[in-house]
Every structure is written in structure tokens, then in C-alpha cells.
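A, B and C are the chain letters, set down in written order, and residue numbers restart from 1 in every chain.
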Amino acid sequence: MKEHIVTSYNDVMSDLSGELSRMGGLVRKQLIGALKALETRDADLARRIRKNDKQVDAINDDIEERVMNILALRQPVAVDLRETIAALKIARELERIGDLARNTAKRTKVILDDEPIDGMEEILKMGRVAVKIVEDVVAAYEQRDVEKAIAVWNADEEIDEYCNTVFTQLLSGMMVDNSNINACSQMTFVSKNLERVGDHATNIAESIHYVLTGEKIDERRPKSDKTSSTIVQI
Amino acid sequence: MSAFESIHQSDRAVKRMTRRRGQELRFRLFGLGAVIAAMVVLAWLTISLVGTGYTAFYQHHMTLEVFLDEAVLDPTGERNAENLRKANFRKIIQEAIYARFPEVSERRQKSALFKIVSASGATNQVRQMAYANPALVGRTLTLSVPTSDDVDQLLKGYIDRDAPEKRRKISNQQIVWVDALKATGEIKSQFNWTFFTGVDSRDPELAGIAGAVVGSLMALAVAFVVSVPAGVGAAVYLEEFAPQNRFTDFIEININNLAAVPSIVFGLLGLAVFLNFFGMPRSAPLVGGLVLALMTLPTVIIATRAALRSVSPSIIDGALSLGASHTQAVFHHKVPLAAPGILTGSIIGMAQALGETAPLLMIGMVAFVTEIPSGLTEPASALPVQIFLWSDSAERAWAERTSAAIIVLLMVLVTMNALAIFLRTRLERRW
Amino acid sequence: MVMAETNVVRADGIFQPVLPKGDVVDMAKKRREPDAEKAKFACRDVRVFYGASEALHGIDMEIANSGVTALIGPSGCGKSTFLRVFNRMNDTIPNARVTGDILMDGEDIYGKKVDPVLLRARVGMVFQKPNPFPKSIYDNVAYGPRIHGLAVSNSELDYIVEKSLKRAGLWDEVKDRLKESGTGLSGGQQQRLVIARAIAVSPEVILMDEPASALDPIATAKLEELIDELKEKYCILIVTHSMAQAARVSQRTAFFHLGDLVEYDDTQSIFTNPKDQRTQDYITGRTG
């Protein structure tokens, strides 16, 4: 991409994407932290994650302001316009991922009150996939890599499948042993959170695709989340 | 002092600035000096002209009791024009003067006495009165007749009374008479109408510029009628319609050259073409006007083309874009907008023509003409030529008349230029 | 401000003709609505030469019957030259030569039978600098109808002048001073006067060569509002250096670069997702 004739325009645009990368890094750390708190049963870490979400919100506000300024002062068109609008949307998606990390951390407190439950391994695996997707989508944004974005977009299916497995497993667990019902029901929310992380990452991948190619990914988004219709046969 | 020293605040910067201001000041002073020099020269010219010329605007007249003696004028008593034309009016005037100074009896003294009045001026005056009204014969009239130019000059102070008698044109005895008449109020000065209504004459006290002015105006009218339509037409054609090629370039160069051709060459041209080839009359305002028209033509063409070029092309684009043809765009918009410039150029060309002498000399408008021309083919003089002629005459009285005529000419030129400025500011429209 | 202006222009719709006689009134009734589907102009391999140098290198382009087509591009890209092809104003420049076909409603406007004077009555033009004639407002508008003999009577001429000024959104501002000089108006009013002057000849196409470049933002907004109103009835081509203006007023945008038509597409596509790198670099202000 060639430079703008007006250097300050260039600076403003690269500052915006830098800020977005920083936000992506922070959100990734939040997500990893929330999963780690779950894995190591670390209530203290979970509390710190909940508190840190304010930083994510702050970056989101900052990006909103920058976008507003760019629209008002530079009247961007074409690739600049797509970039600016995408920044706003991506920040929003990242902020939601941050919220999901915080929500997971919040639920960790309840989960830690109960004994460790079955299916934790699966959830953590699912979490690692979600983290990978977030990492990939942030990298795709930073590297302006359409292929990578499409890969993320397709990988969401994997997470949806995990979600289905975990959901069935948790339901079966609760039926077998109702002593952990609190933890298990919270866990269903955690798995749902992770599934939502995948969705947001997919949205980000779509935005990246639009920025880079000027076109939407017009195939239907792969949807394999069947939790809404899952019932466990007794 | 600020944290960093600006290169525009250092001592060297102050020096540079001082030098720059000095240069600019010197240039301004130089310009001012040039203007002042020009003004001084102009003022000098004006003062010297007015100083010598203003006295021509008044003239001394003598009040004379004239007895129209029937015995002298019309001994037969028939009162017919034939008798009156032959009659000796000169004697009547002589008698009138001798009667005023009865003590003078010696012949040479009488002759000197008669020289106080303008002989032909007074005689003509009385003759015309008698013609107009033969019944006046036999009566005594009180007339105001012009004094001779020498008496006039004496009373205006141009003749040195202390000079030896032989070296002035007026004798001691005459001075005594004139002073006596002046003291009694019989000789007094009055506004010199003759200068404006009279025609050229051998006698300065009777000479006027009317003939020359009328001749000039006629020539100018001819020049205007010929050169402005022809010049404007040529300019519009060359500027707007003529194809751009070597031939039109050649014409353009020649028009520019023509503007720089000495005016006497146009006179020679007029002599060769109008007088010798077409056989037009000599000294006629018609020929003078045609020659002046030829001379003014390049000026009019150049001024018109410049005025046409100064019209904003956006106006023409506007007209063309509405579907006006090129000719319509030119005549609806370009020429009207250029009109103030065309008019100014024409008037300045005319002013130039008015002041021109040389070409008129060549076609004979230098003749001694004692009548106001009544037609374009009548012999006539022109104001600048009249000035040229008078300036060559010996008598002191011609000098003041020359200056006075120059003043009149300059006034006309200033008026024409003022008219040009007035028309330009009045007609000029902004776009 | 702008709202009030809108109402003024809309008032045209309810204006009742005082004089339902004469050519112009008849024609106005009969006037067929432009067929938006059909192309007004079809250009094939249009080249313009100034002397030996080629300013436009073979343009192929179709221009829709109604709506606004914007021509954008850096200075010297040939967009103004291209605009002047449509009313043959290039004819007035010595040494300028146009080759290729420019069909207007299927007829070659450079054909031998076409009189450029009549063509210019059908294809009006508005210039960069407002250029009202130094005559009264009335005479400015009446000039075109007068030279083409469009009005049979003075009252019909009055009707044309009033209608044109109304359509140009200028009537309410000048109706009490029609006898005053057109050059005494403000820049924006002058530009709208010039548009009224063009409309008065009942053209089918209006060419605009950077019409707002000398105007302030309010005058520009009024002009753009006017263009928006006019695009229903006229095929409008506008050359502009303001990309924002092209984006605001046009439906189709053509990007010219070094005498070539680089990209021609819906305005929306050009400004969100240009296909050509040169277009992208130009509209986003990148070195290129």
C-alpha cells in the first residue's frame, strides 16, 4: 500500500491499527487468563481478569474517538473508509470478546465452590481453540492477510463442534451426578461464551476480508452450533 | 530572548533589512524625482506660454469721432454700392484723427499720427458700417477702432520707452499722443474678440484663429468619419475573423510599422495620391482629413485590437456555449465590451491628428487664407499650421498670438483627453 | 438555510404558466421524459489532439440519459478536454482536433450535417468562473432564447425567463431586480444565473466544468441542491476537483488519468471500493 501524500493522515491511520492490535493482544491475554484461572482453580486470577476488562473498554472508547475524528477531519474514502469503519467494528467485536472473558472469569468463582467436574478437559481444549482463533484473527489483521482471515472464518466450525460435544457431556454429567449441578450449569455458560468468542472472531475475519478485498464473504457463515436443539436421551 | 535565536533577529539580519529598506527608498525617491522633473518642465512650459500668450486676449482700442463726409465718400449723392466701394474711407479715418489733434499740421507728423490706429482695421470697420447702412453717410459716429499693433505693444509694455528712438518702432511724439489718449480714456484695453472670430491677416491686431479652428474641425471630422469605421472594422476582422497565416502576420507587422511612420510621409502620400492622382483641390480640409485619417488608422486599429483582446474570453465562451455563432458572440458581447477602449483609442488618435502639422504642409493647408472655409473643398488652414505660420513672423505682436493659439490648441487637446477618460470610466463595465 | 432553498426550488412544480402559447410552452408539454435506460452519449475511441500531442487516448464510454455523471482526475488528465468534446467547444481552440465517434441519441455530433451552433443549444455549458454577461439579469437569461428566436412575444420571453430562474432556484432572490446587472450578484448567485441562462435555451444536456470551485460552502451546497433537482430532467456531466462533491452529486463517476479513462462505475463503488489501483491512490490521496 502506497503512503498518503499527507504524512499525518498516514500516522493517524497507523496509530488506529496499532491501537487495535494492542486491544487484540489485551483481549487475547484476558481470554488466556480466564481459561488459566479455570484450569488452575485460581480465584485470585479470575478476580484480576474481571478487573482488567475495564482496560479493554477504555481502549474501545479510545478507538471510537479516533474513528470519529478520522471521519470528521479526513473524510476517508475507498480503502481508508473501509479501514476506518472496520476498525470501529473490530474494536466492538474485541470488546465483546473481552466481555466474554470477564463473564467466564465471573463464573469461575461459582465453579470453584464445587468439586472439579468431568468435561473440564474438553472445555479447556475448546478454550485453546478459541484462543488460537483470536490470535489468528489479530495476526490476520496485523499482517493484512486475507488467507489467514478466511482460515479463521472456516475454523469457527471446529469451535461449534466442540461446543456441541461439551454441552452433551455436561448435560450427561449433571444427570449422572447432581452434586455438581451448580458448577456444571455455569460450565454450560462458559462453553457458550467460548462459542460466542468464535462467532466474534468470525465477524472480525469478515471485516478484515472486506477491508482487504472490498468485498463481503458471500457464502453463508458455517454454523455448526446445535446446542439450541440438543437434548440428552435419558 | 527566545530559546533559539531566529536568523531573522540577528544583527546581520537588521543590517540586511536596513540595506533592503535603503534600496527601496532610493527607488521611490528616484521615481518621485522623475515625476517632479516632469512636473517642473510642464509648469515651465505652461507658465511661459501663458506668460507670453495671455496679453493676446485683450487689445487696445481707440474711441474716435468719425464724420462720414458726404463730400469725400459720395460726392454725387447717389448712395449706391458702386460709389461706396470706390470711396476713400481711409481719408475719413485720417480726418477723424487729425480732428482729434488739430494742433498737428506738418505732413510727416500727420502721417505718424495716423499710425496710432490700425489703418486697415478702422477703414474696414467704417466701410462695413456704411455698406450696411448707407444712410449713415453725412453723420458723425463715435467708433471704437483697434489701435495699431505698435501702440498696443507699447501699452502692453513690450516696447522699451527708454530705448533710443531709432531702435523702436514708435516715435517719442507718438508716445506722447498715446499717453495723452490713454490718460483721457480714449484709448483703453478691451477683450480681444477678434482673436476668436477673425481670420488670418497681415496685421496682427486684426488676425484671429477662427478660420484655422474651423479648418481643423472640418479636417478632424473627415478624419474621424473615415478612420474610426475603417479602423474598427479592420481591427475586428483581423482580430476575430481573419485566418492566422503568414499573410495576416505580414499585415499585422505592417500596421504596427505604419504607426511609427513619420507623419510627413503621410503628407507626401496625400500629395501623390489625393492631389496628383485624384486631382482633389489643394489646401482643402477634405484632403487634410483624409491624410490625417490615414495617419490615425494604425493607432485606431492597434487600440481597437488591444481593447478586443482585453475582453475576458469567458464572456465569449458563455455566449458560444449558449449557441451563439462566432459573429454573434463578437458583435453582441466582444465589441460592446471593448467599446470604451475603442473610443478612448480613437479620441487619442484624433487628438494626435489635431496637433499634426507636417502632413498638412505637404498638401498645401499652409496657404494664407483670409476667409472662414465654408465647405470641405474650400481652401482652409489648420490650427497647428496657423501657429507654425505665426511663429515665423517678425513683429512682436505675433509672438503673443502664437502663444495664445498654442494655449487654445492645448486646451482643445486636454478637453479631448478628458473626454476620453470620462467616456472610459463612464462606459467601462465590470465582468 | 438549505431547507428554505429546497422549498423555493420545489415551488417550480406548482407554477402555473401565464402564457400557454408559443413554441417553448408547447415543447415543454410535449417534452419526453428522458429514458433513464438509454444512453444519451456513446463514445467510441475518442481522441483529442492539440497540434501533434494527443490529450485523450481513445475513450470508450456511455453516458446515461439522466442523472449526473462526474468526471474526476488530476489536473491535465483530460477530463475538461473530454467534457468540451460534447458541445464541440474544442472547435474554438485553434489546432484542436477530435477523432472517434461521439453519438448523441445515435447521431454523430461531429458529423458533417451537424451545426455546432445548434448542438450547443442542445448541450448547455456552465464554466468554472461564473461568467454572466455584463447585462441585466433579465437580459442574461433572455439572451439564448433571443438568438435562437424561441419566444414569439415579449410575454413569452418573460415566461421563459421566469421559469428558468425559478428552475435555477434564483427567482425569489432576483425577481425584484431583474433590471440590475448580473455581475452585481454574489458568486453563487452568478453561477445559478448562468445555469438559468443555460436552461432558458431548453437544452437536453448540461455540461459543468468545475462549477463550484470559486464558491463558498453555502453557495456550493445550494448549487449541489440545484444539480440534484436538475438531474431528473437533464443529462448532467460535471467535472470537479472535489472528490467529495463528485461523491455527493453524481450517480456515476469516471476517473481519468493521463488522458485515459481508468475507471467508470457507480459513484458508490468508486468511493468505497475502486477496482483500479490508480483510482484508489487518487481518491485516497496517495502518492502515485
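What we mean here is this: contacts are C-beta pairs under 8 Å (C-beta built on N, C-alpha and C of every residue); 3 or more make two chains touch, one makes a residue touch a chain.
Please read all numbers here as calculations on a predicted model, not as lab measurements.
Chemist: Comparing chain centres built from Cα atoms against the global Cα centre, which chain wins on proximity?
Modeler: So the chain nearest the centre of the shown protein is C.
Chemist: Where is the C-beta contact count highest, in terms of which two chains?
Modeler: B-C
Chemist: Provide the C-alpha centroid distance between chain B and chain C, rounded to the nearest whole angstrom.
Modeler: Inter-chain centre distance comes to 59 Å.
Chemist: Express in whole angstrom the distance between the two chain centres, defined as the mean CA positions of chain A and chain C.
Modeler: 52
Chemist: For chain A and chain B, what's the span in angstrom between their mean Cα positions?
Modeler: Once rounded, the distance between the two centres reads 103 Å.
Chemist: For a test of understanding, state which residues of chain C touch chain A in their complex under the given definition.
Modeler: 243-244, 247, 270-274, 279-281, 283-288
Chemist: Would you mind writing out the residues of chain B in touch with chain C in their complex?
Modeler: 244, 312, 314-315, 317-326, 328, 332-333, 337, 429-431
Chemist: Inside the complex, what are the residues of chain A that reach chain C?
Modeler: 1-6, 9, 75-82, 214-215
Chemist: What part of chain C is in contact with chain B in the complex they form?
Modeler: Contact set of chain C toward chain B: 87, 89, 92, 94, 117-121, 124-125, 127, 129, 131-134, 143-144, 147-148, 181, 183, 194, 197-198, 201.
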